[in-house]
Amino acid sequence: MPLKSYVLALSILLMASSVFGQVNGPTQPEATETYEPVPPRVTPGLDGAPPSDAIVLFNGKDFDQWISTSDSTSVNWHLNKDGSMTVKDKTGNIQTKQSFGSIQLHIEWRSPKEVQMSGQNRANSGVFLQGLYEVQVLDNNDNGTYVNGQVGSIYKQSVPLAMASVPSGEWNSYDIIYHAPKFSRGGNIVSPATITVLHNGVLIQDHFEIEGPSEYIGWPQYKSHGKRPLMLQDHRDNSRVSYRNIWVRELD
Amino acid sequence: MPLKSYVLALSILLMASSVFGQVNGPTQPEATETYEPVPPRVTPGLDGAPPSDAIVLFNGKDFDQWISTSDSTSVNWHLNKDGSMTVKDKTGNIQTKQSFGSIQLHIEWRSPKEVQMSGQNRANSGVFLQGLYEVQVLDNNDNGTYVNGQVGSIYKQSVPLAMASVPSGEWNSYDIIYHAPKFSRGGNIVSPATITVLHNGVLIQDHFEIEGPSEYIGWPQYKSHGKRPLMLQDHRDNSRVSYRNIWVRELD
Amino acid sequence: MPLKSYVLALSILLMASSVFGQVNGPTQPEATETYEPVPPRVTPGLDGAPPSDAIVLFNGKDFDQWISTSDSTSVNWHLNKDGSMTVKDKTGNIQTKQSFGSIQLHIEWRSPKEVQMSGQNRANSGVFLQGLYEVQVLDNNDNGTYVNGQVGSIYKQSVPLAMASVPSGEWNSYDIIYHAPKFSRGGNIVSPATITVLHNGVLIQDHFEIEGPSEYIGWPQYKSHGKRPLMLQDHRDNSRVSYRNIWVRELD
Amino acid sequence: MPLKSYVLALSILLMASSVFGQVNGPTQPEATETYEPVPPRVTPGLDGAPPSDAIVLFNGKDFDQWISTSDSTSVNWHLNKDGSMTVKDKTGNIQTKQSFGSIQLHIEWRSPKEVQMSGQNRANSGVFLQGLYEVQVLDNNDNGTYVNGQVGSIYKQSVPLAMASVPSGEWNSYDIIYHAPKFSRGGNIVSPATITVLHNGVLIQDHFEIEGPSEYIGWPQYKSHGKRPLMLQDHRDNSRVSYRNIWVRELD
């Protein structure tokens, strides 16, 4: 080959060897290239807006994607003019019509600016993955509680790595990567659910292996299930928590 | 107790049982509450800005946190007035003075609006975790290449789940959760590095188990190491890739 | 040091390096020696006879270690003059008074020399670890059946690696290494039971991960349990299977 | 069906349900039966004699299956009239001509009745699986040493669960279930070797995960390899250890 090509090839090899070390297996770079399948093109959203392939679960205009958990009727929560919804006390939990397995989930929530009560009774709600596994929503600003039940906890299972809330009355975001549990044909748990949570961009749950459905009393135990709806909690204590901009992307 | 308390307790119990199912172990809710250690309070940043506990590696004003990889001298890349840096061709890779293990990393990058060349030669750079494990940076807009070497790939190991770039000339973000590999006392790999990447908020690498240092030729093989610097690549082909707003949070 | 010692040390080092390769960590051999705790001294038995630390469950003289499974009364099986026992049809399963977790188990069994019936009805019995997980006992000499139910199978879960029976009427041995399943505090299976079986000295089950309690119908599902008795089966079809020389050593 | 059949079917079902519990999945017993592939028929040996499918590595008559490890020439150890071999001091290790992966191994060994020296110098030899991973052979009768180097240890890695030797001058047996390590295409260890050892019928190594090649000095580290010969050690200190009745069965 011409000198120039030789020098180029040599410099690439040297770069590779200085950065990377010895070569195992194939000795040609082409041997480790793959060309298909080609991943899908997704147009990202800005600042939490849904990407082009997201399933928008709440866009601020209606409750079309939701039903009441207790009786499957239409949702009685407040639909606000600013494109958010607010828990209506004692109307019960709500859940999506659609069922999901593993998902990427974006959801935004806000606790009231005017605080009421304290501990677990200050703006308590929750995001229940598959209706069973709760990421706690709570106003912990100047408000202590048990740490495995504070904001961003996997309720009574995993204390968050940090308390990263914005002030009461401002909007928080949860960006969640959730993998559904896997069960044997006979119903044994063979692979627990895992969850990663960014709270306002701060990592607070780091691929935590969920121990089972969230329990108020006692230890968690898995029961075999397939796809299930996403659920939002009415804690029945006038929490007045609001939600907006909810979207998911289904993962394998 | 007064009737009201009794009704409240009953309704809580009913809510718990209807949502959660049977009780294993303790029969009192207090038995499963924990109160310490209390997680640290972190003030989040807005739209990718660093949280209060982040180590800011590049704030747009200087290269104080960086050195040249090849000779440990000061960095020769371009420092731009808009608070970004740009690769200066053939001046070599740069790396942080500080060494890291497991981290949450935020980094923003931009390929030039005016495109040059094609395939792997169009705006090629890379974010090397611990200087060894590369998340590919490349302008793939209307520009194909091998998919395990496209933008957002773990180079030659993991095809991204999606191609989520913004148009050439606009700013992309990578939000990365990286866990360093663990080695036995004798140097065996016992726990591979793992990586999760959000590209402009879209999940493109989902807790991928890295197979070893990124290799241009051949298969990857781990070699035992401790903490190491973060490295950014000069691909030596006039890539003109720019970076800004780089921060990390150390994980255990 | 004197020349002789020097040569000795050198030759040991050379031997080590030629056999073993490079040195990681400590450079003195003493650094990798440990002196306690000292393992117990056990006097082995000959040809399947119990070692000095074994719990002898059946020595041919009485049923003192056994009860009827159905009603906890004394055992109605046959006690033979040659130091063996034989299933008495339709008197039910029997089990040890003592409960066990993980064990090494030696047990010998014999199917009748005069065969009766065929398939699953020819000398069918079973060794149930913890009363739940069955190693099949069956006369498969010139007698076919479903292979996951043949002699040495983990019943309906694992086909044996070989059919290693002696002729009908002669004594077989099972040497079993069994590890009990482990459960979470809430009752999830976190580590399945494992079993290794040597049938007449031939490996037929190789650290098989048991899927759950043996089921005649349907798929297995674990239910949390602690130590439980060893059980022997009366298959209720005049199996006339005999047992002798049963001992265990507790593991963990 | 006739009444008798009905009663039989019912009683089988009742037995199944009382023993086994609830039914998951199929409701017919036939649905969980499998009929192929049919495992091979193996005629077992008596008291450690080789089964019909074993590869006999030493039958007491010649060294046809063995070579000297250092120079691949014929073996210089002693061939005894009683069908055993004895280490000839300073002639070097010997190994099989054939290479093996995972195996079941039976081997018998004897230390001299007349003891010499002490500690690691009393009848020291070793069985090296794949020529790399040593099960220690040593006369520990009234002879202490570091416990991770005593008889039955995985040398400097795993203390045996018991010291189960017969008196000096009598024959010991090792029955070993060994699984070869697995490596990635790039040479990473992905599944360590495992070993189970029965010493004179007593479990002394219980599915131990081997940490790497046995090292006299320093910590073990795996290097990728395929099938390799079985090796027996000349410890070069007049150990006079004898071996006999060596056979293997290849596992997947």
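By letter and in written order, the chains are A, B, C and D; residue numbering begins at 1 in each of them.
Methods note: a residue touches a chain if its C-beta (ideal position, glycine included) is under 8 Å from a C-beta of that chain, and two chains touch if they have at least 3 such contacts.
As the structure is a prediction and not an experimental result, all values here were calculated from the model.
Once the contact rule is applied, which chains count as partners of both chain B and chain C?
A, D
Check A-B against A-C and say which one is joined by more contacting C-beta pairs.
Taking the two pairs in turn, the one with more contacts turns out to be A-B.
Residue numbers at the chain A-chain D interface: does the shared fraction exceed half, giving same, or fall under half, giving different?
same
Between chain A and chain B, what distance separates the C-alpha centroids? Give it in angstrom.
17
Using mean CA coordinates as chain centres, what's the chain A-chain C distance in Å?
Chain centres of chain A and chain C, defined by C-alpha means, are spaced 46 Å apart.
Quick check on chain A: which residues sit in contact with 2+ other chains?
Chain A, residues with two or more chain partners: 24-25, 185-187, 215, 218-221.
Would you tell me which residues of chain B are touching chain C in their complex?
24-25, 185-187
Residue numbers of chain D touching chain C in their complex, please.
Those in contact with chain C are residues 11-13, 15-16, 19-29, 31-45, 47-48, 51, 53, 93, 104, 106, 144, 146-150, 156, 159-164, 166, 175, 177, 194, 196, 198-204, 206-207, 213-221, 223, 236, 249, 251.
Sort out for me which residues of chain B touch chain D in the complex.
The touching residues are 184-189, 192, 211-212, 215, 218-222.
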